[in-house]
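Letters are used for the chains, namely A, B, C and D, taken in the order the chains are written, and counting of residues starts over at 1 for each.
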Amino acid sequence: AASRLRVAVVIAGELGDKSFYDSSYQGLTRAEQQLGIYGKVLPCKTDPANYMPQMIAASSNFDLVIVVGYELIDTLKQVAPQFPNVDYVYVDDVVKVGQVTSIVFKQNESSFMGGALAAMITERKGFPMVNAQKVVGFVAGEDYSVIRDFLIGFKQGVHYIDPNIKVLTGYVGGWDDPATAKEIALDQFHRGADVIFQVAGGSGLGVIDAAKQAGFWAIGVDSPQGYLAPHHIIGSVVKNVGNAVFDMIKAKIDGTYKRGVIYTYGIANNGVGLSYSKEMLHNVPADIIQKLIQLRTDIITGKIKVKSYFGKR
Amino acid sequence: MSEIIRFNSVTKKFGKVVAVNSVDLSIKSGEIHSVIGENGAGKTTLMHLLYGMYKPDSGKIFVRAKEVNFSSPKDAIKDEIGMVHQNFMLIDDFTVYENVVLGAEPHHFISFDREKAKRTVAKLAKEYKMEIDVNEIVGSLSVGLQQKVEILKLLYRNASILIFDEPTAVLTPQESETLFNTLRKFKAFGKTVIFISHKLKEVKEISDRVSVMRNGKLLDTFKNENLSEIDLAKMIAGREIQNPAAVSSKKGETILKINDLTIIGDKGIPAVKGLSLDVSRGEIVGIAGVVGNGQSELEEALVGMRKIANGKIEFKGVDIGKMSVRKRREFGIGYIPEDRIRTGLAPIASVLENVIMGHQNEREFSARLDFMKRKRARYFANQLVNEYRIVCKSVDEQVGTLSGGNMQKVVIAREFAHDVDLLIVSQPTRGVDVGGIEFIHKKILDMKKSGKAVLLISSDLDEILLLSDRIVVMYEGQIVHSTSTKDADLQKIGLAMLGMRS
Amino acid sequence: MYIYRSTINTLVLILLPALGGMWTLQTGMLNISQEGSMLVAAFFAVFGSYIFSSFWMGLFFAIIASLVFNLIYALFCVNLRANIWVIGMALNILASSLTILLLKSIFGVKGSFTSDRIQQIPFVHLGNLGIFNGVFNDFSSIVWLTLILVILFKYIDSHTTFGLHLKAAGKNWRALDSAGVSSIKVRYMSILINAVLVGISGAYLSIGYLKLFNKDMSAGRGWIAVAAVIFGNGNFTWTIIATVAFGFMDALGISLQTYGLNSNLTMMFPYLAIVAALIYQGVKSSKEKAIEE
Amino acid sequence: MSEKYRGFLIVVISFFLSLVLGGFLIMLYKVSPIEGYKVMIFGALGSRYMIYSTLARMVPILLTGLAIAISFHAGIWNIGAQGQLYLAAFVVAAMGVSFHDIPTAIYLTLGVALGLAIGGLWAWLPGYLRVKYNVNEVVLTIMLNSIAIYFTTYMTNGPFRTSQGSLGATNVIDKGMWFNHISPLSNLNTGVFVAIVAVALIVYLMLFAKHGYEWKMMRLNPRFSVYGGVSVKQNMILAMVISGMLAGLAGMLLVMGDYHRFLNGISPGYSWTGMILAMMVNYDPIGVIITSFIYAVMTSGGLRMELILGIPQELVQIIFVASVMFVTAGYALANKVANRMQEEG
């Protein structure tokens, strides 16, 4: 036990977001259980004054430091060179500094899939809770780049199915305001949206609550959220941060860990994708599922090129 | 007449100060009983003990032969005791009737029966011949009317023991006379009145018996008819009091020239209309008049606290109409304002901070880089406290905790310490005891003697007559009468103050 | 049309604390801790509703929690005369931290909690009203309660002695005391009434409008109420106008997003509106006076 | 003099009591309070880097605390330090990404000046409206906070979005505008010397200067100050502007010193903390220095308590709240006792 691998996950926000950070935490716990490592999450609670001290605390007490959250990028660049013996994994972007290994997620690809799903549902006549209008919705916490990457993929997916479908967008203005999120979702619902994709952290719960109350479909985000409302969540656009975290730890234990490499987690290696919950497989017509599988293949083979807000990486 | 109130060796201390020191006092039912004494003698405190605002440290209070132990004014009100405080307890934004019935409002189910309230208050006012519109907002009333509201409050609550703490300090002679008539009416109705005042003439005029306090102790109680005003003054001060002898001085050049001055008041209508007046060095000009005839606006305009709408103010030959307060002060104008608590002092600040105000820009206290010489300031403050015999624990004590007379001394000390050429003095002895008045009057006359000009504004006609060389009467923003003091005709002045031409 | 329902739905959240806050302000006690009280109330509403599967218990717990918070405020600010801002803001921080800790220690979750066992405060369906369905039907019972409270408050405010005492306590407490009415009691009353209203609005947030608790879910609504209260300066009509205007601007902002306006800009609307109103109010009244230096 | 000592003593005792209460809370997590506080102190001051990061944390809180202290001291309520901080920080960053090849000395000076100017300007507006039209500055500054924050968020996600990744931030500013980090393992930077100068000036202004005296009188009785020749309106605006400049300085230092770019959440409520601290010590600038240091120690140490002992940071926040309330109650009680001593002897 003395030689147990010590792994820190430094997150920019804090646990409990039901998506991104929680997912990385799950990866860490899975590694603790299956690989017997010692793991610890160091949350920075989105206070920039915490970034540096937490990064240093992680670097001086752990062997492998996994950094989750783009807010931490500057700090990582500054700290990593000072701890040459520590391995760093940066999740969600590329950091070209010494030993840092980067993991990039192509959320636009999974978002494309979400868009396609939403489009096919809203057009499906006779499907529960679906109306005649060709309208879907998109509700996000705040308007900034990653979210726009989500939005671009989502829109492309929707319009790939039918260019005539309207995509309504709304921003809550915060990640912990489910009441406003619900308000926005209901507003979109009243404008004809019957499938709404939420990328809004804690606020997203308000969208799901609205789905249950008003009767429409919500699409979950980051981790499989189907369990939150089995009969109102048609699927989740997942970003498997947990898997990535787990993979890195495993690689380190197996000795296959490589410093300074960029790993891309796209739809091809199941780093991102649509999560098909039991209910979904049960609810959604087989031809739609067929089509989704087809789309996934097309993306992997490059037949469909999903646009990104960030341009080429 | 039977005894209605009895204090039995009542003592009340504030820290080391013994405000009331084993006082024995008996008040008879249906009398008008005056309590007099120098500033800080403990008069107000004694009355607050009776009204349940403080509890005695030791001793007993009996009301109608029953020992009482009030823990708040509420209890005192139940025992039919009412008090008109030195500072009124009114809510300015409320109407007259709302103020009167507050705390004992007539109800109609759960709602406040305004109509009944209005009727009752109006009836009450009529009964005591008080002319007042119950729907007026109290804040817009004159001081005299506000006092009537205070009195109505007591009557509304059926008070039969009425305490008046310096009720006439802010009243005009006419208003005082009306008040006395009311007090006499109370007496006729069998009510008991306790009356506190520094104006011995009034005490002589109204009282049945007089109690004298000094240093917290009750010296004695006398029948009014056995004493003269001079006796009273002697007992209060513990020494002979003399009216300052008229000082003659040479009248110098004209230093202040006010020409056709118009000032807009708070209500948006002109408060001063085309007023012209000159003041010369070595001269005291007294402005007499009923409060609210533009005096406040005039004095504020002269020191620069209020804009002038029209006309010219010339001081030492310079038009100062647009000068800032600071510039005017530096140019040689000193000002003792009428309202010391609101304007003349910052009650929460220390004596030191209060006496420095207005001096802070002087070389003596202010160095380069905005530095303030606090040690110097402290020395200065201590000097003033000694010179003017201001009673305070130290110059760090809050001014607000001083007695009224001492607060006034702080203002006077500060303003007299300026090397001014013109001093505007407004109501300088309001609420000040006889000893203090003597002192302040002497200081004002000293000013004149040393060749300064003094503009004295007072609603106390005696004060004006005593000090001024020249008297003008203000009525509705204009000077309606002007005379030298030696030719003054009291009758004419009195009529002019009421706006009547003789 | 939907903007109407949207406004009504969320208006309640700021109207109740604005009403309560208006009264505490009248007594001279601006209550800065509305945000915190609302948050703890929201938490305990979920707690009570979840444990007992009863929205009544949720409401009950919410009000109790809000009462406790407001009593702390009263103790410090009325009895000890401590600075209202310090205590108010300290209580807001306390509420945020406390609910996060309790969420973890009671429900074992971080961030948010929801469950089917939480019973929601019922909605009111008035039957088929034809074209008025959209106008009156299917609002939360709290919406109706709020409407009743607004009318009741208006009445109490201008027609009862309690309303008179509130203002007297704020304008000159010494005068009120010397008239035999304890100003401290009046202040306590106003604070406790405020506590009940904020408690209800917190409960509405978590188990009326929504059915979940999320950390910091009050999301600045208490502050908006405080701003409306300061704006109204104790005046019933102005407070209500400020609150309604704010609620409407907020809903309008949301609505306009859908037409492609940038959300960060639309979210400024309510704030810009209040600034404009303040300046208008100021310029107008200073023109009316047009004197004094 | 003795008054001052008594006040000081009461504050110390109240603070100590809040630590005792905190000790009990720590015991809920099955940790001995001594151990808990030891870890806290060590986490804040245990090494050079820890001290650095504690100081870095202290700077913006101290500056905003003083910003609020100075305006409240003068009787005008600037609740808008947060907005002034944000706007100044953003504008400075916007300049830093827009211009290049300016000599460092000039660029730094420009940056500092711009930060001060923008902060001051965003405070001047409500100050002016208050003085000219009697618009309530409290509501106004609260509203201006939100407007500034939404505006900067809009800009950093729109026209000034970083081209270097997904951060909600501007690009890194030109190197010529950097206050360099004192160590790569800390955000503490040479800008701290600017802060020290500013703090010294403010302490001088509030405690030793004539203006400090005039402002205090302005708060205690504005009419009295007018009477004494203080031009109250000008001074109110001046106090407001200086207050805004301090907040702007805080924002400017965060950009030019700590992060070298503008971040969306650059000040997670620093000004609110600063405000609590300022009012807790009755606007005494020395008190603000002490309390903001203590606050920085508690929060820095709190991170380590969470890491080593598993005590959540929220608990540290609760201990902080407790100390605020205890100290406030202490002050209030001291005044009450003083009153009673006077009344009862």
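In this text, a residue touches a chain if its C-beta (ideal position, glycine included) is under 8 Å from a C-beta of that chain, and two chains touch if they have at least 3 such contacts.
As the structure is a computational prediction, the values presented were derived from the model and not from experiment.
K.L.:
Specify the chain most distant from chain D by Cα centroid.
P.N.:
So the chain farthest away from chain D turns out to be B.
K.L.:
If you tally contacts for every chain pair, which pair is highest?
P.N.:
C-D
K.L.:
Just the number, please: Cα centre separation of chain A and chain C in whole Å.
P.N.:
35
K.L.:
Round to the nearest whole Å and give the separation of the Cα centres of chain C and chain D.
P.N.:
Chain C and chain D have C-alpha centres separated by 28 Å.
K.L.:
Distance between chain A and chain B based on Cα centroids, please, to the nearest Å.
P.N.:
From the centre of chain A to the centre of chain B is 76 Å.
K.L.:
Counting only residues that touch at least 2 other chains, which ones in chain C make the list?
P.N.:
Residue numbers touching two or more other chains: 262, 264, 267.
K.L.:
If you look at chain B, which of its residues touch at least two other chains?
P.N.:
Those would be 305.
K.L.:
By the touch rule stated above, which residues of chain D touch at least two different other chains?
P.N.:
Chain D, residues with two or more chain partners: 150, 153, 157.
K.L.:
Make each chain a node and each touching pair an edge, then name the shape: line, ring, star, complete, other.
P.N.:
Per interface graph, the chains form some other shape.
K.L.:
Which chains touch, pair by pair?
P.N.:
A-C, A-D, B-C, B-D, C-D
K.L.:
For chain B, which residues are in contact with chain D within the complex?
P.N.:
13-16, 54, 57, 303, 305, 324-326, 329-330, 335, 337, 342-349, 353, 356-358, 360-361, 365-366, 369-372, 374, 396, 401
K.L.:
Would you tell me which residues of chain B are touching chain C in their complex?
P.N.:
53, 72-74, 77, 83, 85, 89-94, 98-99, 102-105, 107, 110-112, 153, 264-266, 268, 305-307
K.L.:
Which residues of chain A touch chain C in the complex?
P.N.:
Per the stated touch rule, the residues are 14-18, 142-143, 168-171, 173-174, 176-180, 182-184, 186-188, 190-191, 202-203, 205-206, 209, 212, 228.
K.L.:
Can you name the residues of chain C that touch chain A in the complex?
P.N.:
For this pair, the touching residues of chain C are 1-3, 6, 9-10, 13, 109-112, 114, 205, 209-212, 214-217, 219, 221, 251, 254-255, 257-258, 262-264, 267.
K.L.:
Please give the residue numbers of chain D that touch chain C in the complex, ascending.
P.N.:
129, 132-136, 138-140, 142-144, 146-147, 150-151, 153-154, 157-158, 272, 275-276, 279-280, 312, 314-315, 317-318, 320-321, 324-325, 328-329, 331-333, 335-336
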